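Order as written gives the chain letters A, B, C and D; numbering starts at 1 within each chain.
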């Protein structure tokens, strides 16, 4: 490209000038790197240093910039040229700070620095400024699925922030569970008395708000498209379908109560036994008066059984704790005490869970005379017109039978999360045993087991609903990022995401509203969402080269890629998170990003001359995940932890973006070994793109054959799980690997290229 | 410094020839030096010590104290009520809190008081002598009159329960109060601050009824003092003083120990430091003689 | 430095911990301008001082790295470190904030090369290890510090060391003349993400924190377990540096106690369950953890972590609030109390005691504007007009996940204020 | 006193139903600070804080649970609460600020009033003798109290005890801290009549005291 002008700016500050031979570096940049402009500065990140670069871009027509200085993670505010492709050769954290000091290391140190300049130049040549997703759409309306406390709150919050809202509720009226409550637990001080739910007022605000459109008795028949341009079909019970376009979706589909019939041992089904929802019904009926049983019998004694069908380790019932039930029982016990202090009211618990200010609410119930007993209930049996609760009093350490007119079982929340697509996939993969397909989401197929109705009916090739985390909850896996679902622009909120009480649900709804707003704003600008938020690059595919192998569509962790009828991939850029997993997956390498591609990395790998077999100076390629492994390398440098000068590190967006061609290229061009460092995989995966490290691992399991074909030792490729805190460990791993190479000897492949 | 006047509640065991009589002598000596005027509450009665609970109910014990408060307010208006006995102080103060904080009980108390021709309408605060010393004087002021240093004596400060819990001395910790050690140091003595039984209960309330159990407590208290190399214990509680001193021989008899650890009341060592004689400091009233303290007192 | 440009369209976020960073970034990524002020020299707050998170046992620095990258990539967030809010006047949509910026004595020219640190000899107790161990008085707070810039301890100023540091800096980044600055700022909404602090353990007298060296707090234990902590990740007890194998965890240390904090701090149970796994990680079957508790509050889906720990043979649970701790001659803390499940008395020696210390709102130690309402424990509810709100553990005792959730909601509340006042003006 | 006894027995069935509020309500009505019993959260810090801990058949926190569980006889007939030394350790450590010492005294005194307290519970005897001693004149007569206690179980054991304690007693007498003549004379306030009348009235009032409201 004639009008491109490549410039290299080398920094001699931070001691680099004293230790490295800049004459050589400049020569490398000029002769091999073909840089047209080469400048050295003693303090490049200073205002003056940065100004020279700006001037060159402005006046000298410099189009591409190589910074030979510190790590790409350092001095980002100084080296900030949004309109200019930039590569960073990491001479400080990557060379100066990690190679042993002293003249006897000068040679290897210099070689390392030279190589990083070579690699930087090579990368730079292949880079372009991302133009942003051309397919971006800018519908900013927000769809809220579910008209309960969570959905209503999300709707009003978004609307009052200036966004159009579409609210879809499957019932004929708004309110969800909240509408079935007599009172709620207090949200703020004093935490002493049950409060009015405030639902009526909230519904009124929603119905009155000009920016909110409500569809009652309706469900989603179909959801297609992507952030900024979701096309949804809203169906009423009658079957009438309206087509709407929205920019983002908040799924507040709520929960169902655990089926009492599954708890016969606890008296599920007996006239004297209700769950908490049932008790609310009775309390609503009594409306402050004496609470009676459904059959009209008076209640002079009531026993609350906590954790009924919850916290179950046997796998029969719910494994989790629903969080709200202790406070709910305390509230319901107050219903009785407030109406008539003489009603004997006992709460049987194993751990009373009323965090935060809930402690005050607990105290208030005790003041009212509610008796709390730590006990494990074995059975609830019919006794006369009432029940016997048989339990072990854990404090008094004895078996007790306690009679009660009414028993309230604190059962748990069961999320309404629709179809478990992983379950669909399992069934699918059983059927199509296509060997080389990654153990990832596969084509959903009709299944024998009857699945619950889908909530979203996504037309995504990876299934109709949000992926579930565990126990049917659509929660985020990330502690720091609670809203990161694996479907861009769709956010779960409320008890469908995680069991929670009403206060948390309203908070959760507010947060989800923000994420939805953020999603439509980003989509409109063609920018990526979390974790590469703001990234303008997007996957570009050369369909003419595509062999319809479906790996990209199958492996995309975010279900961003659909297939057309000819099984060609259809990219939905604004669903894409820019991890590059598709790029790593593509056997014919037709997928790339403008600033990150098979070439930007491949050319770096091929840009080095390998010292010959007898030089005893092996070359080790290190492909390091930029999220955790690369920062760990930086921090090794920061703490001056030394490692072998034979290693050459290249940051990658995610191990999932590693295309095996890089590895074979490296081996073919005489590299002696290849290390891969990525994030933890498995149940507690720490990969920010969910399946990247998993997939890389899977692909590497196939690399051995390649190695055999090349008649190379399997040790020549090694992959590691690395945490960001492993700054000492990464150095150790590199040194050990260097030893391994020393042991197995230099690569026989040298000199062939 | 101007004379300080207080309404004094002596309590039963401080009376002449009673178990804390000698301690009272030393209090008088100490007060003389510090120019404190203690005036007995006229016709005072027993505080109805909490141990009497099986006999006397809450209200009965409260009115006994109410009577004392009323007499104090009547005859010694404006003067803080001061007690030297920890139990008396605690019981009085507890009753006062209840009377002042619970209108129902106040009414009932006055109904009863009427029978004695009295009516309680509040009173000055009830304070322990230690509070007076620390709050109204302060360690520096207490140090000034010192004429004899107690330098060669190692004191283990045994605070016990009732001056310490539940009310305690302002600013002190329940688990590790330091005021006794500071008092000792202001008198020039060596305070064994590492003494770890300083707030252990001596079981005094049950000394008669559960001798073996309470003597086990005393044994811990005395042993720890020996471990620390203490010459003697010092305490702000007459009951602890009597209890810990009196039963050592019993323990020796039953358990073959050789305990002979003197225990003095804080005012005794203060009196000595202020130059009192053995007699004036009540040091002649001990079963286990605090020899080292006596020697200093005897020095001219 | 010059006063940052801000208008009534700007959101002020007070506190640069996980909550403050989240609130700031979420708002900025919606296209809003944010000023993020942090009292300390670096962002990251208390989470940066944790070794691992429950329940995944992943590392806080991992999330911190992502948030810092979001920050570096976003031009809408202006970060001010070593800055405190001296006062705020006005009402929703129109606040005047007064900021006090303490001198760092190191300017933006700093390249974090470390020459100044090498030059000085003075040391201070390491504030990033809760005072355990020493750090040079010219220091980079920690490896993830942002801004990645050194700081001089005020104690260094005026000493010969200060001049040595200045002389050692080749890029002229050290400015010993730096003075405290006051900056005026007009903003439209304020998010208080001032976080929490561990309750003063010394106030829990029966446990002898401060008297017994081998009684430490849970936050200190995080530093012990952390490879970058004072013991390089070894569980060495303070009194004699001996490896602690038999470790007691005391729940509700300050929490659920009307003598201390009347609220339940929510995170302590999970934090302790997590820390029992530090013991396992460090010692395998040789380690022994005993958890003394009233109620184990592993709420919602965190329950499975509790079940996992219950299956761990190296972990014992005793339902008891420990009555007191005594110290044996060899320095072992001896726990005295009663197991209330069936009444069993114990006097158990341990190598080390970890107090699961309660969360106190940091806002208790700062002067909040008049119209900011707090609850009886000091947690921030916000201003009646909604122009100011609390986020994260400043608003309630929350774990990291729920802090991020709370902060995301707070970001929306702030944006709403900006949006509505903007409309009113228009 | 009489009045109390009957309320104690009439109102309540012989064996109170388990986990019914009856006994709890009874305790709230008739025991000093009894309205606090329901506030216990079973942490057990009181049980571990008591210097006489090992001697308690049921520690305070368990007694509170037993009251809530309606174990009327087990509680009132127990000698547990008679172990209280009034050291207040439990009170200052209780996270719910229960006045445990007072409650223990209250339950003991209630059990005594109902005649359910264990016979020959030594602290019970001491407590009553102490009360009688100090209310007789209005001040304690230590000599009479001491002697009275030693002879409470009859002459023989009394003499034994005196022989054992003789050195102690003689020591005290020598030290001028025990006055044998108190057996006949002794200190006392002037207005003994007033005091007696006052106490009589107080007891009468207490006998029909309404349940304290918390």
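Going forward, a contact is a pair of C-beta atoms (placed from the backbone, for glycine too) under 8 Å apart; a residue touches a chain by one contact, two chains touch by 3 or more.
Keep in mind the model is a prediction, meaning the values are calculated, not measured.
Greatest centre-to-centre distance from chain A is found for B, with centres as Cα means. By number of C-beta pairs in contact, A-D leads over the other of B-C and A-D. Of all chains displayed, C has the C-alpha centre closest to the centre of the whole protein C-alpha set.
Taking the mean of the C-alpha atoms as each chain's centre, chain B and chain C sit 46 Å apart.
Computed centre separation for the pair chain A/chain D is 64 angstrom, with centres defined by C-alpha atoms. Annotation: 67 Å between the Cα-based centres of chain A and chain B. Per-chain CA centroids place chain C at a distance of 50 Å from chain D.
The set of chain C residues that touch two or more partner chains comprises 206, 256, 319, 324, 340, 343. Counting only residues that touch two or more partner chains, chain D has 41-42, 61-62, 89, 92, 96. Within chain B, contacts with two or more other chains are made by residues 174. You'll find the chains touch as A-C, A-D, B-C, B-D, C-D. Partner chain D is touched in their complex by these residues of chain A: 301, 342, 344, 346, 362-363, 366-367, 369, 371-374, 393, 395-396, 400-403. Chain contact summary for the complex, chain D toward chain C: residues 41-49, 53-54, 58-59, 61-62, 89, 92-93, 95-97. Remark: chain C residues 18, 22, 26, 29-31, 53, 56-63, 65-67, 69-70, 72-74, 109, 111-113, 140, 143-144, 148, 170-171, 226-228, 256, 262-266, 295-304, 307, 319, 340-343, 375-377, 379, 381, 396-397, 400-402, 404-406, 408-409, 411-413, 415-416, 419-420, 423 touch chain A in the complex.
Across the interface of their complex, chain D is touched by residues 12-13, 15, 17-22, 43-46, 48-60, 62-64, 67, 104, 108-109, 111-118, 161-162, 165-166, 168, 174, 200-201, 203-206, 208-210, 213-214, 217, 242, 246-247, 249-250, 253, 284-287 of chain B. Put simply, chain B touches chain C in their complex at residues 173-176, 196.
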